[in-house]
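In what follows, subunit A forms one complex with subunit B and a second complex with subunit C.
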Partner chain A sequence: MTQTRSNSSKPAIISEEQQTNTHTNTYTESSETLAEKEPELMVKKRVPDWLNNSMLSSPAPVVSPPSKSRSQSPPPPSSSHHDLLGSYTSKSSSVYSYNSSTVIQPPVPIPPPTFIRPEPPTKPARTPRTDFRDPLTRISDSDNDISSSVEDASRQTNLIQALSRKIINMRELRRLASEGIPDGAGIRSTVWKLLLAYLPCDKALWSSELAKKRSQYNQFKEDFLMNPLLKVSVASQSEITRKLEDSASLQNGENTSAGKGLLPRSEIPHGEHPLSLGKTSVWNQFFQDTEIIDQIDRDVKRTHPDIDFFCGDSASSKANQDSLRNILIVYAKLNPGIRYVQGMNEILAPLFYVFKNDPDEDYSRNAEADTFFCFVELLSGIRDNFVQQLDNSVVGIRSTILKLSLLLKEHDEELWRHLDITTKVNPQFYAFRWITLLLTQEFIFTDSLHIWDTLLSDPEGPQETLLRVCCAMLILVRRRLLAGDFTANLKLLQSYPSTTNISHLLYVANKLRSHHHS
Partner chain B sequence: MAAYRADDDYDYLFKLVLIGDSGVGKSNLLSRFAKNEFNLESKSTIGVEFATRSIRVDDKIVKAQIWDTAGQERYRAITSAYYRGAVGALLVYDTSRHVTFENVERWLKELRAHTDSNIVIMLVGNKADLRHLRAVPTEEAKAFAEKENTYFMETSALEALNVETAFTEVLTQIHHVVSRKALDAGDDPLGLPKGQTINVGSKDDVSAVKKVGCCSA
Partner chain C sequence: MVLVLAIGDLHIPHRAPDLPAKFKSMLVPGKIQHIICTGNLCIKEVHDYLKSLCPSLHITRGEYDEDARYPETKTLTIGQFKLGLCHGHQVVPWGDLDSLAMLQRQLDVDILVSGHTHQFKAYKHEAGVVINPGSATGAYSSITYDVNPSFVLMDIDGLRVVVYVYELIDGEVKVDKIDFKKTSTATI
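Coming up: the complex of A and B.
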């Protein structure tokens, strides 16, 4: 506490949230802060107390202040996804159109193509270079509900404008996207494809690029999924074919005179007998593949079991499951070193959900192919976490978890000490899932999409941003953690409060970045 | 502060681990026991999950701290940390998938490599409700359990069949081991096996804790 509460540099720029909130949030302030709460001008000279602000670490059980507690009230638990889906598609159908087939020329002259310059690591423009310890407040009043929806609308306008350029300015797009992409209008679907470099920034190339990729994916599917030798890996497959051909031609050669009209009987080399247990046997490969496919099937069936899109009884839900399954199998085939690791389904699900729900029919129809390539791209940045052989290397999951621990130590040593030393809550016990699954199991689904907007916007890949968000998650519940013992803390972190205000979480996470750089 | 503490009213804290192949129903056994809940399709477990429940064993309150781990091989290296301090294990297979029973031997080997030799192990054949799909005969599993000197029970987390009994049995056996050990330790202080130390008044994360100042009946 001593270190983290020291009154350090004042913000040079007062953020929007601070401006709009210093006077509205008294109802959740701790008595301690209330006492300080003179009608002062903005936040000057206040003792930074945000770490202990009850708004940041709401006590358990989370008691929502009457009626106007959260700027983003969480969607109703059960039917929400359906509703979302409905509004998602209906909203968009006619209003905006910015896909490859119907490019709307921007009314303004196209800016010079600044995109050619290599992108320096961008910081979201709204990030003031402030020390994160300065008083943080959140949008928490009903007034701000309005202002935040206005903000949403303008964000949407800005994004649509950014997408309407002939050449997308990726820096601008990353900056806008990192602040969150409004649901609806299919914007997220297009933006994610750009962020994952699946769509090139030159829109003139989109249709040819898409056509190429989609046909490539169909070829993969044909090779790995449609083939009668379905479950045999590529290498062994061609090997079998070759051997079969060899033996067939050999026999044909021998039998040309005698055995006309008889189908040649191919000999099965000793090692290829189904009962052969040799490691090199194609059948061994076959059995391994079956195991992997069974695992994929099991996990696909339990991907977001609470969301109809994935696990409903309708034909479309089944078709969606098939798509997830196809993608995971093709990926496993193409990446024999990694194959399928449990949890990949969770990484895949948000991509497919967003792309499949694109209001543009062509995009929706091709969602599986598009998702595949975006999945490959996303995974290329984080797959080391999935590889057991790398667990103890500098790129493996353990060292990533250690980085989180160090980040927490740097920003909130008291909390770090309490978790790591006093209550001995090994970060592996909670952060393993947070990190490997990119936070997809910690929040309600739509909230994870919002977090992903920010993760995917980082030109360096998602990991550093992810670690800051994880660190912010810890800081946001610091009061409860500091009061908890091993059991209470582990339970809290393994089922993180789903009522968390995601915008605020991301805001705090971003503050950690500024702090880091200052 | 006290408000956030887990229920403190117990005499012993025992750490149990649930292990076994992916999809055999470990998480549902846990949620059935800890919360009396069951999900037909629940998310796959990544990393580790954790729940507690206190029950009465003999005349003592025993708090079970149960760890549920991912089933896939990839996660075993990570999960080895979770074995630390475990005094009981439920090794689960799926009665309708023989391959999950075949893998029990590997799980057992790994379990024994990472834990104290006094660990109480129960082989659990889950999904016993899938009677028409049975692939592992009860006798086969029973014979295996006898050979390996483990307890054995068939359960159904879906029908809440034997789940309570299985956990209670394991906790009771652990309690017996611990009580016996406490006696032995009285005779010979050096005889206390390591890894299963009965720490007096220690922290929450220790395997078998005898609480200080607790009024034993």
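Coming up: the complex of A and C.
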């Protein structure tokens, strides 16, 4: 399900145009795609004014309201390093200019520069190109904006400052987080843990909380991941040993000649045989669990096959996969109502990635336990999307999709009308995956991390923000959608151009909020 | 933990139309790792059905089997145990412990599974264990009409075997358990 863009490594805009052009064959859009890359050039007819105005902001130091001041720079010409990642080559550097900042370090827990200072664009981490497939080791352009790196640096300082307080101000943290968290120094890892209410606000309590939760997780693992047959045999062991002891004493009398005779039969407790179909039978549980475990296993192996962290041959990727598997199994066992549904692995992956790549040794080692609890927390908000029976209910995915539709109608009626009525693109065809998987499948991995920064910073749960981001996604490609028919639109929306400038997308989404009147 | 189904003497279609419904509902694919069948299925359809339960199927030839290619005896190793399989009509007197013990020594196995008498038995002697899973359909035998449908499921786990005996008595499935261990030096 990951988007694989097999591009050649030509970094220039032209290649991007060509590639995005394959999406919609009918419409000549060279100017259009350019426009999408450079928001300031977007001239959209009949687009709400505020949307239009914001486009006309100046390129480099973007003066937009405090947040989305990420890379609004014109895409730089060069980019030898764009061929870094096979499938991710097509990204324009403008998207990643924010990445230019301060810490580009391989997220493997190597002791990093702990504090980020506003660096000049010559990045120290230019060299480690070892892990090609690791998205965060992408090297950004140097010729990119000193301005944006300064901004990133300032954001980073702000965050570090916010985190260094004794009692963390959650509101401020959320505000800062929604602007985007820089990629280094384990900030994201800590911030996400705070946002997901895993770590308490009071820093003094952190160590005790962490110890408690981690031991709890280990207890869960022991309970659930132990071979269930051992439980059966352990339970029956007592009976057997008793009988053996009894019969041994008897046998010793009989056993004189040859130890012959009929073997003693024993009754078994109700239904405890391997073919039992009873719901309470340990065996039946075991077989049912095996099915789920098989499915979890299959999905884990398919998670992000292009990222080395998850899907490589090294021992560490195997260990990572094992951790993912364990978390999902424990979750399935703890939640018999929902068990495991395909897609949960996609929600889990970014969490684990971020936590595991925390430069702090202790955090990295315990990433599995931490991820488990954060996963539970995150899923608790969106679990209704995974329950099939709730699909048609008020809390189910259908109604959420309907909300998205209404949101689009409110902000851009023309587009809504065109999509829903004229071309009859049922939002379920594209929005289902967007919503249930929190946009992890629509953009490349690092981009989705940035989107998640914003999603998780919403105090009321990610859904509201998610809908706004989805709406923004639709609005950003409105020109193409308006020009396309059913097939073209569906194709576009089901493989949403991952070259989208994420900060711009989030900016638009944010704008939708201020114009939202309900 | 290997589940091995020992079943046999179905005599379908000559003496019985099918397995009892209650047995059939319990025998679902995916749970059992091996099936050893004493013989007298008798037709290919039964073979296919058993194959659908589990791809690892071992059969020996009973005197009424229509497929003449099944071997007379078979041995296989599962876990720490050597199992021997034979229909049993070749061993005279039928069902006699000493004669079966001779066969067991001949095959050099820990557990001998044989049938033909259509009666469930689990014997122990110094050379090992003999298990007769009985007739899964309750077909009449050469000796008697009074046959309860039965089969056996063995759970082999290291040096320990738990034998679950499934019998259909008065329309109800009764399950009993027999447990034995193999000491590493000597057989049971």
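As a convention for this text, the second predicted complex is superposed on the first by the 321 of 518 C-alpha atoms of A that agree within 3 Å, B and C clash if a C-alpha of one lies under 4 Å from a C-alpha of the other, contacts with A are read in each partner's own complex, and residues count from 1 in each chain.
One rule holds for everything that comes next: a contact is a pair of C-beta atoms (placed from the backbone, for glycine too) under 8 Å apart; a residue touches a chain by one contact, two chains touch by 3 or more.
What you see is a predicted model; the values in this text were computed from it and never measured.
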Worksheet entry | Superposition-derived comparison: subunit B or subunit C, residues of subunit A touched | B
Discussion item. By the touch definition at the top of the document, which applies to A:Thr190: first (subunit B), second (subunit C), both, or neither?
Written reply: neither
Item to complete: Examine A:Gln156 and indicate which partner it touches, taking first as subunit B and second as subunit C; both and neither are also allowed.
Response: neither
Discussion item. Quick check for you: in the superposed arrangement, does A:Ser405 touch first (subunit B), second (subunit C), both or neither?
Written reply: neither
Fill in: Common interface positions of subunit A, toward subunit B and toward subunit C
none
Worksheet item: In the complex formed with subunit A, which residues of subunit C make contact?
Response: 1, 3, 25-28, 30-31, 97, 121-126, 129, 153, 155, 157, 162-166, 175-180, 188
Practice prompt. Under the touch definition given earlier, write down the residues of subunit A that touch subunit B in their complex.
Written response: 60, 295, 298-299, 301-305, 311, 341-343, 345-346, 386, 388, 391, 397-398, 423-424, 426, 428-430, 432-433, 436-437, 441, 480, 483-488, 490-491, 494
Worksheet item: Which bits of subunit A are touching subunit C when the two form their complex?
Response: 227, 229, 233, 236, 240, 243-244, 258-268, 271, 273-277, 287
Worksheet, complete the sentence: In the complex, subunit B touches subunit A at residues 1, 3-6, 22-23, 39-44, 46-52, 65, 70-78, 81-82, 203-205
